[in-house]
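One structure below.
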Amino acid sequence: MENRHLLASDNASGVHPQVLAKLAEVNQGHVPGYGDDEVTQRALALFRDHFGAGSETLLLFNGTAANVLALKGMVHSHETVYCCEEAHLQVDECGAPEHYIGCKLSPVPGLRGKLTLAKIEQLLAADRGVVHRSQPRVISLAQATERGSVYSLAELQAIVAFAREHELLVHMDGARLANAAVALNVGFHELCAGVDVLSFGGTKNGLMMAEALVVLNPELQRAYPYIRKQGMQLASKQRFLAAQFLAYFEDDLWRTNAANANAMAARLAEGLAAIPGVTLTAPVEINMVFAQLPTDWIEPLQQLTPFLVWPGETHSEVRLVTSFDTRPGDIDLFIEAVRPLSER
Amino acid sequence: MENRHLLASDNASGVHPQVLAKLAEVNQGHVPGYGDDEVTQRALALFRDHFGAGSETLLLFNGTAANVLALKGMVHSHETVYCCEEAHLQVDECGAPEHYIGCKLSPVPGLRGKLTLAKIEQLLAADRGVVHRSQPRVISLAQATERGSVYSLAELQAIVAFAREHELLVHMDGARLANAAVALNVGFHELCAGVDVLSFGGTKNGLMMAEALVVLNPELQRAYPYIRKQGMQLASKQRFLAAQFLAYFEDDLWRTNAANANAMAARLAEGLAAIPGVTLTAPVEINMVFAQLPTDWIEPLQQLTPFLVWPGETHSEVRLVTSFDTRPGDIDLFIEAVRPLSER
Amino acid sequence: MENRHLLASDNASGVHPQVLAKLAEVNQGHVPGYGDDEVTQRALALFRDHFGAGSETLLLFNGTAANVLALKGMVHSHETVYCCEEAHLQVDECGAPEHYIGCKLSPVPGLRGKLTLAKIEQLLAADRGVVHRSQPRVISLAQATERGSVYSLAELQAIVAFAREHELLVHMDGARLANAAVALNVGFHELCAGVDVLSFGGTKNGLMMAEALVVLNPELQRAYPYIRKQGMQLASKQRFLAAQFLAYFEDDLWRTNAANANAMAARLAEGLAAIPGVTLTAPVEINMVFAQLPTDWIEPLQQLTPFLVWPGETHSEVRLVTSFDTRPGDIDLFIEAVRPLSER
Amino acid sequence: MENRHLLASDNASGVHPQVLAKLAEVNQGHVPGYGDDEVTQRALALFRDHFGAGSETLLLFNGTAANVLALKGMVHSHETVYCCEEAHLQVDECGAPEHYIGCKLSPVPGLRGKLTLAKIEQLLAADRGVVHRSQPRVISLAQATERGSVYSLAELQAIVAFAREHELLVHMDGARLANAAVALNVGFHELCAGVDVLSFGGTKNGLMMAEALVVLNPELQRAYPYIRKQGMQLASKQRFLAAQFLAYFEDDLWRTNAANANAMAARLAEGLAAIPGVTLTAPVEINMVFAQLPTDWIEPLQQLTPFLVWPGETHSEVRLVTSFDTRPGDIDLFIEAVRPLSER
């Protein structure tokens, strides 16, 4: 069986053809570098359409930078960021936030990737004003989360209200914001109400390499152009970042892509749930399926696609991720590979 | 007159069509992320062909990162980097090296952008072993330099020998290495003899956004994968960085591009030199022309293309930069705009 | 009742008279600054007597710096330090390690302040070689711990052996090393077998403000003088740091002081254990007593001395700390204040 | 001849007896740590007396930290500090500012250690608002300077006015502020009009090891307690830093000490000027004499005291520094050593 990386990650997918077309389209003549070009200006205008006229957006190369530079403009080095124990920020950035910002992160236990305020409240009470402790400053949450869950608008508003009450800022890691927006059937602006700075993902949803920092809080905007430059993320030929977002917003490609990925995950979940021996371990809200399989099924399935495994003795949990270009046939191929295992 | 940004910078140019074609070509199916894919492996193999089997290459998004991360793996924070006063590193990175590495830079006066060893020798003698001073560790030179000059192989070897004698490492900023290689008519490997770490540019010579860190010194290689990740420069869909280099090395596109840029600069220099009132202020070795013009010519010419100016009372120095896609007609158009000014 | 801060912390105590006398004694004439003086040389020779001829010692002002600068010379920013969740490093330094070193800390659950290797082994297996994770490099342990426990020599050797096997370095936070040495009845050299870098405390045991960095691993020694200087810890009038250690080692003042503190804690524990309602929550090994008291006793006792409390509904845990100058009468005074509470 | 380090540096001197006495005086009983004690509170009240009721002071161990932490609270990492090329900050801190703050320093040429505004004005115009450049934020000046010069009140006010006009903050390195205050015959408050943050020296003027950060600008005060802690400069037994300042301000010991040092430098200058072959190279304003001597006199004089030399072929410039405890006899001894050299 050929390993097609069907369900490995949304990073395993390629680039949507309309994005490639747009890159070719803007490849005309010479233009000013570093963002002073008309293509970039058009992209930034689209961001203002989606996030409000008072927002300021900076284009970046990748998601690590989006998260780290977002926080760089929000905390001093003696301040701290509350994030979920499972947050990408905390577990998968090789210490980039600590190194770049010089601050401590304060991971708190989550519920399927979602922050719970009770623990933050407790830490706040213990640490604020104590000179030996990093000072509370930011709540960073992922929408959608690394565990495939989505905060409801009500949950988000509760976090925002808590933050305001306790003089905290809110950072949203939106690496999969499009998937969450589709799941909740809302626009980006509504989804980000009360958020101070957003890391806006594109790469996982059909772009080649492009992310954005959307600074919604006007009081924080001034420093970011310098933070981006000092942060080694100012593209010289910036129109080629901008073009990706032109394609992304045109005809709501972002929505089409995310809707397909979410729908394919739903199809996958439905198919798996029908197979004896498989247990879905979480509701499927975006483009991720978490399920428990007998441990001896893992190896044969990884011939078809690699996937994340949390191994257990008799049963193991797996993460399967669909993409903007996953087709029903890909899902069915996988289901057809699983089914016989249950019949052995 | 339409402002066509003809001679503003090699960053003002777009992407070579073969590069765009290669991006489309590799956009097939799903592959592992973060560089574990076959396209990236092919690109890295080409780098080994060009830089030696013992070299290790890491692909990055942009040149700021290439320089800063190169140095991050070469110095401790209490060590220092000798670079030219005019080095991009020193003047145009918004303090990124100091911030990311935590070290001090030690700028020394240069000769048209080239380092002179006498001043370094003096600083070495004054600082080495003195606990109050940052300790000498790296010489960073640009090949070609920001002033359009090119170190001869003999000059490079003198610097390397000096570095070895004084237990210093050598970093080469090769943002325009292709232009230098064409100017000297040598291959990359020969051009980098004795260099420990190279920042290898691509974006200025026809790529979209892709640079590389070539770690030639095997003793330094181990940490760089982590430095790249922590340095926010690990692309998830890395095949799209790699593809740019596949195109770059295929049929020696790098050479064709740089040769055109260099030739157009030569044509421009020849044309300008023939106009009364214009003085070339430096030999033209790569794709940059430095010339002195009467100050009142500046404004009308900038209608056609912006360019860097060091303003003076009666005469001003200008920097004009050609690109991989500059055509003879572009040069002639500019010359034709200059000539009438001399005839007023 | 006058609040005499009897049992608040070993930091609440003053300076041993012999230390003050030594400061006066070395206050003669002019000498070279920054450690090139004869008093400092004598102190460093004493450190070599105690820690081995191959050790190198640097004098510092305080314990935060000792820990942070020790680690600065042991890890790169992309590497990590395993320490106990309760380690001072992790909870009470306002993020100083993260800020100064730029690395991530990896806290692991402890047993009364002592590291357990099982969790470290698990993290090592998960993280080593994974580019998205900070790379394992150092185990940092406190001897004695913040919870008043002492590693036996066998436990230490197990940790050292584990570290060697897994290519990790060992840092020892010896803020209370003298108390541990007395508890185990061994000398410093024996206590530090296999340790690479030691933070050697003095301030908590009768000095005014003086700590030392003892670099036992010769391969790590070269950079520390610069790390101290860049770390803002190079005293200009260094003889006054050195003098404190002259007094400390003379007639084994360190031992006399620590022995008194430990003995007073034992006396306190014995007295408390005899009072109905009090439960010692840990064996008393050094100068700290942890006990559980009825919550309503806390407030009246804090009139006499403040102390740390982990509050509970009916019973609360408290930490009581004795010092080099605690007298039997101080202990008895406190016991006499507790007893009546049990008789109400 | 015995080397008595008579004129090596004000750091070569010891501690004034009244300071030692005060250390002994406050060594009574147990008190809260980290500055919550009554001795520290008394010292801070004295600082408010001298610097204004709205000032906030933090006690530190040494001068490197005072300068670095002062600036840490004044700039973001993408901002820059204008200082004199000869500033201690720039040349003698082993890169501590760059490392700790992550910012770039912008050294400008000085006039005998004093900043000149013309060059700053030029850099400001070139860099402000340019995303590739560190952004102007602070002017840091030393009063008195490393070259023994003193800014007049009018000069200071011109700098302050310039800073206000250009939205810059002012940092004053007052390692030798007492000497400047004596030279100008003004109090500290007047001397610091318009300064935002002051590094207030004590160690060079008779203290053991104690410096202070005086935050005059109320808008900047909030973060400094955390900056000090994270900056590894929070003394646990803080009363022993505070006691030094109690002695310093009592009976204006600071003034007596500085006045003696300044007077001894004047005596030295007068004596040297009368010797054929010696040329004073700068007016003597504080406790430093700069003079040119025949190069072959240097070695014999350094038998008596080491001193800084800028060697020349026939003549060399030397720096001689007097202290709070320099006696007329010390000066005369040196003069008597110089005179015969002129008579050879």
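Here are a few things to note about the model shown:
Letters A, B, C and D mark the chains as written, and numbering starts fresh at 1 in each.
As a convention for this text, a contact is a pair of C-beta atoms (placed from the backbone, for glycine too) under 8 Å apart; a residue touches a chain by one contact, two chains touch by 3 or more.
Predicted model, so just to flag it, every value in this text is computed and none were measured.
Using the average of C-alpha coordinates as each chain's centre, A ends up farthest from chain D. Interface comparison, A-B versus B-C: the higher number of contacting C-beta pairs is recorded for A-B. For the pair chain A and chain C, the distance between C-alpha centroids works out to 42 Å.
The mean-CA centres of chain A and chain B are about 34 angstrom from one another, to the nearest whole unit.
Chain centres here are Cα means. That of chain B falls 51 Å from that of chain C.
For chain D, the set of residues touching two or more other chains reads 34, 77-78, 93-95, 99, 102, 131-132, 226, 229-230, 234. Within the complex formed with chain C, the residues of chain B that make contact are 34, 76-79, 102, 131-132, 135, 223, 225-230, 234.
Interface residues of chain B facing chain D in the complex, by the touch rule stated above, are 77-78, 80, 91-95, 98-99, 102-104, 131-134. Interface residues of chain A, counted against chain B in their complex, comprise 4-6, 8-9, 11-15, 17, 20, 23-24, 26-34, 61-65, 68-69, 93-96, 99-100, 203-204, 208-209, 226, 229-237, 239-241, 305-306, 323.
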